[in-house]
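Some structures to go through are shown next.
Both complexes below contain chain A, partnered by chain B and then by chain C.
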Partner chain A sequence: MAEKVLMKGNEAIGEAAIQAGCKYFFGYPITPQNEIPAYMAKKLPKVGGCFVQAESEIAAINMVYGAAGAGARVMTSSSSPGISLKQEGISYIAGAELPCLVVNIVRGGPGLGGIQPAQSDYFQATRGGGHGDYRMVVLAPSTVQEAVDLVMDGFDIADMYRNPVLLLGDGMLGQMMEPVEFKERKPRQLPEKTWAATGWKGDRPRSVINSLFIDPAELERHNIKLQAKYDTIEKEEVRYEAYNTEGAQVIIASYGTTSRIVKNVIDDAAREGIKIGLIRPITLWPFPKEIFAKVVGQQTVKAVLAVEMSLGQMVDDVRLAVNGQKPVYFYGRTGGMVPRPDDILRQVKMILGGEA
Partner chain B sequence: MVKVFEKPKALTDKPFHYCPGCTHGIIHRLVAEAIDELDIQQKTIGVAPVGCAVFAYDYFNCDMMEAAHGRAPAVATGIKRVHPDKVVFTYQGDGDLASIGAAEIVHAATRGEKITTIFVNNAIYGMTGGQMAPTTLVGQVTATSPYGRQPEIAGYPIRISEMLSTIEGAAYIARVSVHDIKHLMQAKKAIKKAFEIQIKGKGFSIVEVLSTCPTNWGLTPIEALNWLKENMIPYYPLGVKKDIDGGGE
Partner chain C sequence: MNEQIIIAGFGGQGIMLMGQLLAYAGMLEGKYVSWLPSYGPEMRGGTANCNVIISDSPVGSPIVTEATTVIAMNRPSLDKFENSLKKDGLLLINSSLVDRQAERKDVRSYYIDANDIANQLGNLKVANMVMLGALVELTGIASIKTVLESLKKVLGPSKQHLIPLNEQALERGGLRVK
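Now for the complex of A and B:
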């Protein structure tokens, strides 16, 4: 079990899901995530599960709704334009409080965009891309190993809170090969799915999986109940990595694969006597606000720089978390272009030299 | 005293919200009677649509899910793949099934999903206030075809049952009507047969039920039944369109 194997990110995500007990996958082809459905199509029938290639992303997410409502551990995966199509279903899943895992291997946008890695779906992921007042837990791995771990945890988080969980990767993570280990995990104590529609024998209340509340007072009560759940998630599920932050002059905020480039910058800068720290949100929602407030409060910290593969999305959350304590700058590349270490370091030097 | 008539067990006690003269209530009852007669209430999971029957989850006395507009066959697919031993049905109107959900119904049939669809065709969008549906007849006046449906603008009404009967995965397809007692009995038989096809694992089954909308047609309930008979049946011929189990009616 604890042996290391070399795997492509997308296939490792599929294997992690199967090892986490996911038996149902509904999807539709789109680059650069195609290895996930292909892996599930090959493996799920062998573990007594089921893969269905849906007629569209819209149908796929609604199959997820049906399977989740029927009590199964279930997932779908797609990439940016396909995730846009799934938003209707995700809103219904959030409204009906169903657990599932959605994987977005992000590519550049808007529109058909491109097929190279990007982080330009941050707003869609963290702001509730569908209609209504809801939240998804958003997990952002930076390595294939972390993707594996977060897929497994993601299913548990979904079941724990009866809420959809989004794994936000990008084309780089999906396509790269890295050694991974499928670790033995300490399972969480999860609530029983007594609410699931499995056929009613009269031994429990009739199950009605639904997000319609026609009476406004009832709908408000439902929303307040959902909000209370989101408050608990914000208290319990925040994850981040704080790296080299003590005594840092500049704090870089970065997530996913981009944060790996930033770690190289930190080493390069150290050789030149510049101390950079990194705060890497692992949960994009709930956003790790407190660690920002704490770290940037240090006397040594002159500024914060958000680095993303977008033209500035997470930086909004960074600004809210820093709350005016220090200036917040942004550097990003987009459209499938990747920030280069020397460009990031140049930004840091400009900030420290008062030129930014 | 002998009880000769009672409410089917597969219906709850909740009073229907449907307009006076609407045939949804009759069709609900036929579905519930079929569930009772096949003794499958405990293993049936239903999927409600968006449209007039949106509250069907309050009426069918079994586990239910409410689907997004048009997506009921996809939701039913998810349920059936998880519980192949259960009986799964969708209950959908013509706006839901024939317009926004056209892809979902075609591909559920294509995959031969072992689910049953009750397709209620009243040639109009009822819940939203009487707009033109894909099934609205040529010349029929609605809120969005105020001069009558004109083929050069809106095309011709779609015959879903005939279209689906070209699909290999579809095992049983029938079009029925509930405008009089004779046809109501035939409708009941078809609905029961559709469930039996699913239980036998033969494939996808659908019963298209021609239905009325007195409110949005602007007719009395009796006039509406006659309008169905005189206008809908000639364009939407009744009968079994496909039955791989043989026998027909």
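Now for the complex of A and C:
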């Protein structure tokens, strides 16, 4: 077993990427994720890789596009305003079907917003922040250990489906330290990158990295092919944690850092004889619809409460998944404010008391 | 055990390091731990604080809302965090810099002249370790031996010559509250 080390979320994400074989990082600094590029700048040259601090986020994501097109394991990271700038490139990468990992350590918005943790980029992450009919796989860790595991899996998922993968954290996860273990893992059987543009020597058809399809019929065919891939991902890659859900009176839906606070609420409520369950989506896209449908169907469940560090984004997906079976309520703080356990518990009591 | 600790002071007093050493020592003793810093556009001389949780069960929220221990390395920290302390909680005050007594009567307050002790040892920078020594003595969160082991890991190979001084500071802090 590997030794446990105490690491900051951001640094652990960097180390996990290197251990997953990531050789290239292109980025531009922004708080609260700066420890990721700093770590990569220090470590990548030692493993024969390359770190470039680009002149802008847009340059950085296009360097990722290029490296991914050449078949490299490549990543970039940023925080909310920087991720907005990268959306054009991400759309091109999705259109050209290239694998890469993008990390968003979310801060409060809109605009430049603030630098404290938030979850207000959920819509951007799960609806495709750029233009066109595309999807990114969105992974939402709640602990530093889970961030490490999901970074490693994220590269594999990207390669498996030739699709960008987004790791969605927040300032708290990036800045906090927790013990982590870099476990030996069994990599997936991944297809060979026969499509990579690595220099043509006449021994195979030319590889062309492209997202331009002028003929509408051809572009429609391309989109239908992408859609078939997204359908497969929806079948194969859904992840969630269902915690304390059996016989629960209220189900809280919450992801990432916020779900940790909800776990405290569950303990506090239990001491008062209230049973709360948690459904924590780990993949925000594909969203774990089926578990919601199953859990909220229980007779004991009176209502569902979505708790987020936003003014209500994931709650839309929760409503779609619950599909009218039970009422869905929302509680959130935003702008870098973090929900307090006692405030969440008060919401639960109001719901149970019919005051919400 | 579920220790919920707030450590606060001026930037440059080694607040973050104290918290990291505690978390590291907790981890080495097999506990679940988390360390969460205040972060922002901060600077030496500004205020800094961190939240440390050391627990027998997995850590939920890394934010400390009801502290079992508050360490106030300066006056603004005492003003800000005295009320975050639970009833019967532990309040450690750096009396070298804090010019008032605790207002709370329902907590256990200790006054440690950490800067003066550090000065006597010949290096003001170890005032944080004096406080840490007092905390470890009062709570038994981790052994001094484990804290030293953590220090060796956190300081890295180039700073090992500082270990004996830090060890002295930890011991002096412990003696102060014995």
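Quick note on the criterion: the second predicted complex is superposed on the first by the 355 of 356 C-alpha atoms of A that agree within 3 Å, B and C clash if a C-alpha of one lies under 4 Å from a C-alpha of the other, contacts with A are read in each partner's own complex, and residues count from 1 in each chain.
Rule of thumb we're sticking to: a contact is a pair of C-beta atoms (placed from the backbone, for glycine too) under 8 Å apart; a residue touches a chain by one contact, two chains touch by 3 or more.
A quick note: this is a predicted structure, and the numbers were derived from the prediction, not measured.
Considered on the superposed chain A, chain B and chain C are sterically compatible, since they fit side by side. When the two complexes are overlaid on their common chain A, residue A:Asn34 makes contact with neither chain B nor chain C. Within the superposed three-chain model, A:Ile261 lies in touch with chain C and out of touch with chain B [touch as defined at top]. Looking at the shared chain after the overlay, A:Gln325 reaches neither chain B nor chain C. When both complexes are overlaid on chain A, the residue A:Lys4 reaches chain C alone and has no touch with chain B. Of the two partner chains placed by superposition, A:Asn244 touches none, neither chain B nor chain C. Looking at the shared chain after the overlay, A:Gln19 reaches neither chain B nor chain C. Of the two partner chains placed by superposition, A:Gln298 touches none, neither chain B nor chain C.
Note on the superposed arrangement: chain B and chain C approach each other to a least C-alpha distance of 28 Å. Residues of chain C touching chain A in their complex: 20, 23-24, 27, 32-37, 39-41, 59-63, 65. Note for the complex: chain A touches chain C at residues 4, 6, 31-32, 115-116, 171-172, 175-179, 260-264, 267, 338, 340-342.
Within the complex formed with chain B, the residues of chain A that make contact are 24, 26, 50, 52, 54-56, 58-60, 62-72, 74, 88-89, 92, 96, 197-202, 206-212. If you check the complex, the residues on chain B that touch chain A are 41-45, 47, 54, 57-58, 61-68, 71, 74-83, 86, 103-104, 106-107, 110-111.
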